[in-house]
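Take a look at the structures listed below.
Across the two complexes that follow, chain A remains constant while its partner is chain B and subsequently chain C.
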Partner chain A sequence: MDRILPFTDEHKMFREAFGKFLDKEAVPYYDQWEKNGTVPRDFFKKMGDKGYISVWLPEEYGGPGGDLLYMIIQTEEYTARGLNGIFVRLHGDVIAPYIYRIGTEEQKKLWLPLAAKGEKIFAIAMSEPDAGSDLANLQAKAVKDGDYYVLNGNKAFISNGMLADMIIVAARTDFEAKPHKGVSLFLVETANLEGFSRKRHNKIGLNAQDTAELSFVDCRIPQEALLGEENRGFFYLMEKLQQERLVAAVNALGQARRSLDVTIPYVQQRKMFGKTLAKFQNTQFELAKMATEIEMAQSFIDQLTIEHMADKTLTKEVSMAKYYCCELASRVSTKCLQFFGGYGVCEEFPISRQFVDTRFLSILAGASEVQLVIVAREMGL
Partner chain B sequence: MNIIACVKQVFDLQQVRIKKETREPIMENIPLTIGDIDKNALEEGVRLIEQHGGKVTVVSAGSEDLEETIKEGLAMGADEAVLVIDSSLDSAESAVSAVVLAKTVKKIGEFDLILLGEGSSDNYSGQVGPRMAEILDLPLVSFVKSLKVDGHRIQAVRSLDDCMEVVEVDMPAIVMVMSEINEARIPAVTQILKAGRKPKQVLSLDEIEVDPAEMETKVETLSNLAPEQDRKQVIFKEDADTAAADLFNALQSEGFIGR
Partner chain C sequence: MGKVIACYKWVPDEADIKINSDHTIDLSKAKWKISDYDKNAIEAAVQAAQVLEGKAVSLTFGGANAKSSLKDALSRGPDEACWINSDLASEADGFVTATVLAAAVRKMEDVSLVICAEGASDTYARQITPRLGAELDWPVITSVSNISINGNTIRAERQLDDCIQTVEAELPAVISVLPEVNDAPLPSLKAVIAASKKPVTELGDKDLGITDLTSKTRVQSQKAYVMIRKNIIFTEGDALDQVKELVGNLKKEGIL
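Let's turn to the complex of A and B:
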């Protein structure tokens, strides 16, 4: 069945080129990156040299000016190779757009070309030890002091946190206002920042992706680093969630497909009781059910992508997609691992990585429960 | 410096499957691409231009799909494309390709260097370069593994069976490169996006004044089958020591070990 997304020759060429790039520059090294707990800076630079970071970014800021489909293709090519922990996308496709959308011209001219070249790495710090999806309850605070803001607070589960040269930090600036009306965003440079420290989280999976806990103690941030208007941070963070959730769903669906793709050849060659696993009806039914769910989800995602590109509001639908695809990816990898028996829990087998990596999906970028709350609210419940 | 890189549109051979029963290749839905060594030729042209200035024109002849396929060459850094499109050029034999490409080159007019791969990815006859050299009355340097340009002269290292040969020749000339001459680049996004906007001239056979007699097919394909794998399927079922000895003897009698 052909996909309904309007892929052009350029998109197809890009898919092939980007796939080759990953095969050359990421796949041979990924196991080591998993051991190291980080993707090297050099990889960001190699991506930047090819224009593979922030493909959407207009030429005037150093990008190539592509559409959303390039981001979709990149996500699918990463996941098809099990490169689940490369969060260049977070840097270039989630964080850089904040600067593009609400930054001053000076901020855009300074940061966006650096992002696109992979010369500076970005992170965004919203979650706190006591506030994840509950953004209105942020405890970090920034108090104006002359030409500076003094930033205090702790942030947790920050992707790219160890590598980040610049972190968009969400902090409370108005303590009298209602919780969601008193949050501001800051472009915080980490180099030589007094009072700043960070510590790596040791996780059960997604190990190549560095995740950190950040601490800001009396950090003096120049007032020029305020991103957008003061006290509008909460709204800025909410505005781009549609695309972020859609791409999170694309990512999850790609990971589900990868789990199935590594399992099918295995069951075709693994023999039990004189015949291959693939010949058992249980195997056939389970894999057929998973393939069906994946293809049904793909159709929904592709339709959402087209409507999102046409600027439609899809609050309920993207939450459905994020919830469903993330749960699906976790379910598929769990069921697929079972076919591998003892081998499934050995690191040499790619399904083991799929199993641990997909477990993150229903937690990050808005947990499943948050998505269901939104869906229910949109249903008028 | 004006460089012409001649490339051929071929099936993506990595995606061709073989029908088990008949050993015939399954060609349905196989995407078209530019041949691998042709990409090396184009890459060499782009590198020379990056060093010395000028432009690279990618030239190709083929069926209607060529306009799409050639975008890859433009994304790799060619400045423009000149294409001859005709359904009869789909899987044209070397002699026909050489005539069409030579006449296209004549139509383009000014050039210093023509680059080709040493053979196409599909038929690998290696004939198109020498035939073009004959038609255009140009010097030909084949099996080139490295290439330098100095003014109007090129210096090429030829990789021959038992030696390397260094030759110098004045331009214009034709150079056929080997795959080890370079690693063809993976196109950058900006180049991919620009590829569709680069100049592309599409010519018909009439426009390059090809005589129908020159298009006459002289090669007949009798069969196109995957090589047969003759497996003996001998199984040694005895205990490990006996089986190992039997396996050794069998391999020895076939002349694979212990002569």
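Let's turn to the complex of A and C:
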């Protein structure tokens, strides 16, 4: 069945080129990156040299000026290879757009070309040890002091946190206002920042992703680093959620597909009781059910992508997609692992990485429960 | 200031070729691509055009399906593309292809250099470069692994079986390059998007004013080559015994 997304010749050429790039520059090294707990800076630069970062960014800021379908293709090509911990997309497709949308011309001219070239790496610091999904409750604070803001607070679960040269930090600036009205965003450069420290989280999966805990103690941030208007940070963070959730769903669905793709050849060659696993009806039914769910989800996602590109508001639908695809990816990897038996928990077998990596999906970028609250609210419940 | 032409062929991807039980070749599921070595020729042309401060032009002789190749070629750096759209291409032998390409080159003004790959990844017949040179009456350099251009002179290193030979020729010339000549980089996204805005010239074989386009050779059949393996496994004794037996057998076969 052909997909309904309007992929052009250019999209197809890009898929081929980007896939070959990953085969050459990422796949052979990824196991080592998992061991190292980080993707090397050099990889960001290689991506940047090819114009593969921030594919949506207009040429005037150093990007190639592509559309959303290029981002979808990148996501699918990463996940098809199990490169789940490369968060160049977070850097270039989630964080850089904040600067493009709400930054001053000076901020855009400074940071966006650096992002697109992969010369500086970005992170965004919203979550805190006691404020994840309930973001309005965040405690980090920035107090104006002359030409500076003095930043204090702790951030947790920050992707790209160890590598980041610049972190968009959400901090409270109005302590009298209602919780969601007193938050501002700051472009915080990490180099030589006094009072700043960071520590890697040791996680069960997504190990190539350098997730960190950040600490800011009396950090002096120049007032020019304020991103957008003071106290509107919470609204800025909410504005692009539709696309972020849609791409998160694409990513999860890609990971579900990868789990199935590595399992099918295994059950076709693994013999038990004199025949291959693929010949057992249980195997056939389980894999057929998973394949059906994946294809059904793909149709929904593709339809959403088309409507999102036509600027439709899809609050309920993208939350449904984010929730469903992330749960699906975790469920598929768990069921697929079972077919591998003991091999499934050995690192040499790619399903083991799928199993641990997909467990993150229903937590990251808005937990499943947050998505369900939104869906229920949109249903009038 | 002259143009540098990169010739390329649109071929089935060898990874998708299926062999039927009667050894006939099934191309029905094959995706098509620019012949791998031709990507090096395109990159070489782009580099040479920069040195000559001229334009790089991709040139292909192919049927209707070769239309898909034009943007792909242009995304690799040429300034413009020329497509000889003809049904004759699928049955063309070296004579027809070289005749058509030479006519197309003559039609373009101010061509300094034509670059082909040493051979195409489907047939690897290595016919086009020498034939093209003969048609155009230009010097020919084959098996090129390194190029430098100085003024109107091209200096090329030829990678031969037992030596590297360095030769010089005056431009215009026709050369064929080996994959070693460059890395044929993957196109950037900017180049992919820009490809659709570059000019393409489409010509039919009748536009070239050629009277004889009859292939001098005819393909009678095309079948997969099957290598018959003996599948002898030496299991007796320890590793040393097995190696001795293997070497003895290879000697007996005249291989060692």
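Rule of thumb we're sticking to: the second predicted complex is superposed on the first by the 381 of 381 C-alpha atoms of A that agree within 3 Å, B and C clash if a C-alpha of one lies under 4 Å from a C-alpha of the other, contacts with A are read in each partner's own complex, and residues count from 1 in each chain.
Here is the rule we go by: contacts are C-beta pairs under 8 Å (C-beta built on N, C-alpha and C of every residue); 3 or more make two chains touch, one makes a residue touch a chain.
Quantities reported herein were computed from a predicted structural model and do not represent experimental measurements.
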| item | value |
| --- | --- |
| Combined model on chain A where chain B meets chain C, clash or fit | clash |
| Which of chain B and chain C A:Pro40 touches, first, second, both or neither | neither |
| Which superposed partner A:Val55 touches (first chain B, second chain C, both, neither) | both |
| First (chain B), second (chain C), both or neither touched by A:Lys20 | both |
| Which of chain B and chain C A:Pro350 touches, first, second, both or neither | neither |
| Chain B versus chain C as contact partner of A:Glu10, first or second or both or neither | both |
| Footprint overlap on chain A, comparing chain B with chain C | 9-10, 13-14, 17, 20-21, 49-52, 55, 59, 64-66, 70 |
| Residue numbers on chain B that touch chain A, as the complex places them | 68, 71-72, 75, 186-193, 195-196 |
| Of chain A, residues touching chain C in the complex | 9-10, 13-14, 17, 20-21, 49-52, 55, 59, 64-66, 70 |
| Interfacial residue positions of chain C with respect to chain A in the complex | 68, 71-72, 75, 186-193, 195-196 |
| Partner chain B, residues of chain A touching it in the complex | 9-10, 13-14, 17, 20-21, 24, 49-52, 55, 59, 64-66, 70 |
